[in-house]
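A short worksheet on the structure shown next.
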Amino acid sequence: MARKPFRPSLDRYPYHAEVSTRFSDNDVYQHLNNAVYYQFYDAIINQHMMEKTSWNPALKRGEVLSDNAFQKGLVVASSTEYLEIIDGFPKPVTLGLAVTRLGKSSVEYEIGVFQGDKSLPAKALGRFVHCFVDIDTGRTRPEGMPFEIRDCLAKLIVEPLPKL
Amino acid sequence: MARKPFRPSLDRYPYHAEVSTRFSDNDVYQHLNNAVYYQFYDAIINQHMMEKTSWNPALKRGEVLSDNAFQKGLVVASSTEYLEIIDGFPKPVTLGLAVTRLGKSSVEYEIGVFQGDKSLPAKALGRFVHCFVDIDTGRTRPEGMPFEIRDCLAKLIVEPLPKL
Amino acid sequence: MARKPFRPSLDRYPYHAEVSTRFSDNDVYQHLNNAVYYQFYDAIINQHMMEKTSWNPALKRGEVLSDNAFQKGLVVASSTEYLEIIDGFPKPVTLGLAVTRLGKSSVEYEIGVFQGDKSLPAKALGRFVHCFVDIDTGRTRPEGMPFEIRDCLAKLIVEPLPKL
Amino acid sequence: MARKPFRPSLDRYPYHAEVSTRFSDNDVYQHLNNAVYYQFYDAIINQHMMEKTSWNPALKRGEVLSDNAFQKGLVVASSTEYLEIIDGFPKPVTLGLAVTRLGKSSVEYEIGVFQGDKSLPAKALGRFVHCFVDIDTGRTRPEGMPFEIRDCLAKLIVEPLPKL
C-alpha cells in the first residue's frame, strides 16, 4: 500500500478558516481523533455557505423567495487521507476549502488540513460530496442546486489533484 | 455524479456489532451526522481487536511479550458512501466488519452500516485503512503487524466489492 | 473538599438503558471523558420520552392535537458527581433514570451511571433540569408542560437523595 | 423553580479564550448542545495549564523533575446553569476562567460562557472541580497538587458568587 500523494499548500485553497481543537478531540495517543476531521469539514463548508449566501440550515419555506432556494445539502460521500500526524489540542488547525467538481445538483469539495507553519504542506486531505435536494421532498430539483449557492461555489473551483 | 453502488447485506460481514445512538448524534435535519459514522468504525474495529486479541490501546512495552506486539494502528485513510438516510437517535445502528485487503503492515476494512430490518441492504459503506507501527518509533516494523493481529484479521477477509 | 456522597444502586431507578461507548469517548488517560456523561443523560431522557409518549424532537405544530403538546424541553441546569473512574470503551454503560422534582413546567431528573456488575453502586450521579416551553414562542405555557409528558414523568418520581 | 442567578460579565474572569463551534455542536433546535459546554470547560482549563505551566496530559515520570510534578487532574464534579440560549455554530464562543476555591489537592473553577457583544452578561455559568492525583497510583499526594500548578491557579482566584 505504498502511497506518495501530492501534498498541496494552503495557497491552493480560495477559502480559509481556523478552528480550535478540544481536549476531547485527542485520542489515547494524543493525536487528533480521525473522526474529528469530518466535523471540521462540515464546519468549514457550512460556515462558507452561511457567510457568502443567504442560506442557513434552518430555512423555512415561507422565508425563501423561491422554491429553488429551499434546499439542503445531503452528504453522499466523504473521505480523508491522513498524511501526517496532527497533534491536536491545544493547537488550532487551519483549513483550506476548494471545489473540485460542480455538477447540476452536487458539489465535490476538497479540504486541506494544516497546522502550525503555514508554508508546510497539508497534513491531511479531505473530500466531501454534497447533493442539494428540496428540504420537503428530499429530491433533487429539475433546475439543480440553488442559483445563489452555485454562483458562490463557482468561485472556489480549482483543478482536481492528479489521481494517485 | 450518477452512482449505482452495490449495496451488500449484513451476512457479507464476518463480525457484527450493535451500537446505540445519542441525541447529540442527530444534526438539525434529524439525520445521523456524517462524522458520527467514523466514530462507529473506530469503535467496531477496536472492539473487534480487543475482543479477539491481547491488544489494547494502552499497551506498555513492559507488558508485552515481544516488540512485535508493541504496535498501534494509525489511520491512514477513511471514507464513506452514504447510500440512504439513517434516522439516528434513538434507533440503534448495526455494523458489519470485514477485511478487504491484508498487507504486511496495513489492513483495509470495509464496514457496512445497517438499521432496522436486518434483511435490508447497507445504508452506508465505510472503508478504513490502518497501518501498524511501533508505538515508540512510529515506524512500521520489518516483520509487519503483530502476528496475533494478522491471524485475527485473516479470519475477516472477504472479496472486495466491484469497483464503481 | 471531603465528600462522602450516598451512592445509590440501580434498583433506585424506575427506567434503565444500556448505552455503548466509543473509542473517541476515552480521553488520554483511557477514562470516559467527563463531557460524554452528559451525552448519555440527554440520550436516556429523550429516549424515555420518545418511547413512552407521542412526543418527538421534530414535532410540527400541525401534527399535534393541541398547543399543549407543541412544546420542547430546554435544559436549564445539569451537573455530575464523578464518584469512581469509569473505564469507558469498549465496555458499555448502564443508566438509571428517575425524577426527583416535578414542577408545573419543569422536571429535575437524576441519572445513575453504572458499569459492570449491576449490584455495585453508581459510579457517577447526574442531575438534569428540563423546562418545557412552547416550540414557537420559547415561553412556558400557562397550563405547564404537556399533560401526556407529566403523566409519564410522574411514574418516575423517587425521593430525592439526602443533601450533602 | 424560579431562579434569578447573578450573571457576571467577562471582566470577572482573569483568563479568556475564544473557541470555534462546529456544525455538529448544534442540536435539532439549532442551539448549542448542552454537553458541548463541558468540552469547552475541559478545553479552557487544560489550555490554561499547558500555556502557563510545564504540565501536559502526556507527562511521563522520567520527564518530570520530581514526583510532585507527576500528577493529573481528575474531574470530581461539574455543573452548568444555562441562563440564556446560545446560538452555536457558526458563531464562536468566548470563555472566561476563574478559580473560586483552591484546596490542597483540589481546585474549583468557574467558567463564564459568552457570545457576541462582550459587554453582555454570561449566557451560561459552569463549575468544574479537579482533584490532582499521582498519575501512577491514582491517589492524592501528601504535599498536595504540583507546586507549579498551585502558583499558577492562585493567580485566577476570585470571590465566589453569592449562593442562590
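Read from first to last, the chains carry the letters A, B, C and D; within each, the first residue is number 1.
The definition used in the following text is that contacts are C-beta pairs under 8 Å (C-beta built on N, C-alpha and C of every residue); 3 or more make two chains touch, one makes a residue touch a chain.
If you're wondering where the values come from, they're calculated on a predicted model, not measured in any experiment.
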| item | value |
| --- | --- |
| Chain at maximum distance from chain A, centres defined as averaged CA atoms | C |
| Same or different residue numbers at the chain B/chain D copy interface, by half rule | same |
| For chain B paired with chain C, centre-to-centre distance based on mean C-alpha positions, whole Å | 31 |
| Whole-Å gap separating chain B and chain D, where each centre is the average of the chain's CA atoms | 34 |
| Distance from the mean Cα position of chain D to that of chain C, given in whole angstrom | 23 |
| Contacts with 2+ other chains: residues of chain D | 23-24, 26-28, 30, 33, 35-36, 39, 42, 57-58 |
| Pairwise touch network: line, ring, star, complete, or other | complete |
| Contacting residues of chain B [partner chain A, same complex] | 1, 3, 27-29, 33-36, 38-39, 42, 57-58, 72, 74-82, 85, 101, 103, 106, 108, 129, 131, 138 |
| Interface residues, chain A side, partner chain C - complex | 23-24, 26-28, 30, 33, 35-36 |
| Chain A partner contacts - residues on chain D that touch it in the complex | 18-24, 26, 30, 39-40, 42-43, 46-47, 50-51, 57-58, 89-90 |
